[in-house]
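Taking it in order: structure first as structure tokens, then the write-up.
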Amino acid sequence: MSAQIESIKPEATPPERAATPAAKAEVKGLNFFYGGYQALKRIDMVVHEKMVTALIGPSGCGKSTFLRCFNRMHDLYPGNRYEGRIVLYPDNTDLLSRGVDPIEVRMRISMVFQKPNPFPKSIFENVAYGLRVRGERKRRVVEEKVEQALRNAALWDEVKDRLHELAYNLSGGQQQRLCIARALATDPEILLFDEPTSALDPIATASIEELIHDLKEKVTILIVTHNMQQAARVSDFTAYMYLGELIEFGNTDALFIKPARKQTEDYITGRFG
Amino acid sequence: MSAAAPTALAPSMPTVQLSARLAARRSRILKERAIEAVLFLAALVSVFTTVAIVYILVKESVVFFQQVPILDFLTDTQWTPLFDDAHFGIMVLLSGTLTSSFVALAISIPLGTVIAIYLSEFAPFSVREIAKPFLELLGGVPTIVYGYFALLFVTPLLQYFMPELPGFNLLSAGIVMGIMIVPYVSSISEDAMRAVPMSLREGSYAMGATRYQTAVKVVVPAALSGIASAYILGISRAVGETMILAVAAGMQPNLTFNPLEPAATITAYIVQVALGDLPHGSLGYQTIFAAGLTLMLFTLTCNIVGHVMRRRFREAY
Amino acid sequence: MKAEMNARKEAPRDLAAIRKLIAEHKRWDAIFALFGFACLMIGVLTFLALFVDMAVKGLPRLTWDFFTNYPSRHATQAGILSAWVGSTLVMVVTALVAVPLGVAAGVYLEEYARKNWVTDIIEINITNLAGVPSIVYGLLALGLFVYQFGFGQSILSAGMTLALLILPVVIVATREAIRSIPQAIREGAYALGATQWQTVSDHILPYSSAGILTGVIIGMARAIGETAPIITIGALTFIAFLPPSPVTAEPPFLNFEWLTSPFTVMPIQMFNWTSRPEAAFQFNAAAAGFVLVIMTLAMNGLAIWLRYRLRRNIKW
């Protein structure tokens, strides 16, 4: 089996990663209900700061549902209910509390969606959107932040001469990097990725994965992926979910080489999918 | 029937039966073709109607323009077709049409757009479920009833605030016409907004935007060509409206852009003539076709532009 | 790639400032929601004002006599007999012309038409006709039906004109009703050897009939209130007699003289009374208007209810 695993993970693990880093957020006893149906069951998990945490599992296991709890996206639709807490450090805010405004949560935690969804505006205005929503009026500030975000998303060189063209003229991979730049422009504390490459071709996928790898030095990342190899390539910590429960969570290398639970091992080795 | 050979799966059919089957099939095919032809003719009625409209309007107008130079028609500042010294300046009627339409659109476009945004992005489900049928009912009230309302309710009400307002005026008619058009503008705009995919809204909300910010900065720009087509169709509706103006604005041709005065619109003039007794074939009779042609050209342009914009918008999503 | 990335400055987390900003934005949110609701209320209020005004002025006049009297120069003796009878007869002609034509056209476009320029032209025409002002239909009828075809200023002309007017409504409703039938049903019928017409008459039409009916009702509700085209044809505004009855006591039991008789309709009667300066006639106008509003409300309400019931019952 180790030969199989070796083919998934080409890079060796640096030994420093083994030490447990600081926590950015902690999930405590999270239950989630779509109306009467319980989609998430008693999830406890730590999200480590400036690390990439991947959520994997078969279709319908609840990983996207779990991800969307972090920025209260479920509040947009009627009939949804949270139980439990997601505590954000260092200020100990419970993101799920009814006393915390979802808008405040979303201003601190950004999301990149599965299918690129740029607004029908120019490239510049797309990235600047978050800043404008926050009331940033000074033009120089906006221009600086937009450029910085586009550089961080590895898109600046490709678009710097056409910032005022419509975003729809970009290719799929470029649009997704634009959405990443948009999410970065407001300096989020956590960046959520919901299957960011499933709608992209392999070359675009590779560039996004490289980007994620570089971004984690600046921001905590939580990524949902149905592609196990991607999780193995990109993440430091992996959570395996099945039917709404968190089955196993741990250091990515450890989880892929020697999973603690048989369920995890069955999924990773492809006994079911 | 002859006994079948034991090795054959199905007995071969005697010739008589086969040709009967073929004949039946042929008549069935003929019947199907005939039915299709009848249905096709029914569909062609719409084309026939348009051709007939164009034919009638042009036929009578051609006779008219043989006696009245088209330049006079477009530039004369009086409209007195029945006087001995007859003048045929369509500008007079157009001024009434444009003024009243302007008042109507000044009400229906803002109101219709705000209502559409509210229903699409803000209103809870229960409010929408009641508001939408209600707006449909509002748009279904006969225009003569609106005309009565404008003359005998709105005008006295306005006269309370503006005592010099004449009994017939373009303002009351325009206001009531505006309210009548609101359902048109709001329902088409709302359809356009609801067609904007949820993923765009989620992208906006995920950035910390409120409903108002999302509606105004993302949804409305995305739905813009659909909303524009709603406005254009509203313009077409306002220009083509007849009874409200015939009843409440008076039928006295008057070259004015002041809504506080009475005036006749193109449509009201046609009604006035039809109520009277103009012999078929007289110049006075033909004026209504020339006026109708002008009206038709304008609304046709609006409808085509609005339709093209709506189609282009649908293709985008 | 790493070398090009600038270091991101860690922005100070000013939660209090964020919360203040959010509160301000949510205030705008609430203001707009209120504003939108208020605009909706303007429409509601206008409708209520209209309805109540008509009810208050018109209800006292709604006596049995009102429905059985002819119009008269004396306001209190005037009634809408000729008007509502005329309206009914015109509606009969309208329905008899519009429904077969509209349904047939809708069936053709959905089940038979191929994607070619002929179909495009037909569809463009239908969309255009939906936006033509009603008075232009009146001009068409005047030139074509009244004079060219020689139908005269009659119920037949009026009915045909209104039928053309509401044709787009019926066609669109038919098409949408047919479109909602899943392809699987058609394929099931064809697979059993049905011809195209058999599939249409045995399956498509029955299943879409409720949707078609909804469209027809909406079209008729519109036709009942139309004034301009009927005036243009030359319906008289003061009619003190009824068209000949369609049904007679002696053979052949069916009389068609009523088709060519002079007539009037409800909206025109109301128009006539509204235009009279004597205040007493305004109450008659209000009464006639009230009847008209109730009729159109009832028909539109019926159509809306039917549509709602339909949506609930569809199980495919």
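Read from first to last, the chains carry the letters A, B and C; within each, the first residue is number 1.
In this section, contacts are C-beta pairs under 8 Å (C-beta built on N, C-alpha and C of every residue); 3 or more make two chains touch, one makes a residue touch a chain.
The structure presented is a predicted model; accordingly, all values stated were derived computationally and were not measured.
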| item | value |
| --- | --- |
| Chains contacting each of chain B and chain C, listed by label | A |
| Most distant chain from chain B, judged by the mean position of its C-alpha atoms | A |
| Leading chain pair when contacts are tallied as C-beta pairs | B-C |
| Mean-CA-position distance for chain C and chain B (Å) | 13 |
| Centroid distance [mean C-alpha coordinates] between chain B and chain A, Å | 50 |
| Inter-chain centre distance, chain A versus chain C - centres from mean C-alpha coordinates, in Å | 52 |
| Per-residue overlap in chain B, given as positions that touch at least 2 other chains | 208, 210, 213 |
| Where chain C touches two or more other chains at once, by residue number | 22, 25-26 |
| Residues of chain A engaged with two or more neighbouring chains | 103-104, 107, 133-134 |
| Partner chain A, residues of chain B touching it in the complex | 125, 197, 199-210, 213, 217-218, 221-222 |
| Interface residues, chain A side, partner chain B - complex | 71, 73, 76, 78, 103-104, 106-107, 110-111, 113, 115, 117-121, 129-130, 132-134, 179, 182-183, 186 |
| Partner chain C, residues of chain A touching it in the complex | 91, 93, 101, 103-104, 107-108, 133-135, 148, 151-152, 154, 187, 189, 210-211, 214, 218-219 |
| Touching residues on chain C, where the partner in the complex is chain A | 1-2, 4-8, 10-11, 13, 15, 18-19, 21-22, 24-26 |
| Chain C partner contacts - residues on chain B that touch it in the complex | 28, 31-32, 35-36, 38-40, 42-47, 49-50, 52-53, 56-57, 59-60, 111, 114-115, 117-119, 122-123, 127, 131, 133-138, 140-149, 151-153, 179, 182-183, 208, 210-213, 215, 233, 236-237, 239-243, 246-247, 267, 270-271, 274-275, 280, 288-289, 292, 295-296, 299-300, 302-304, 306-307 |
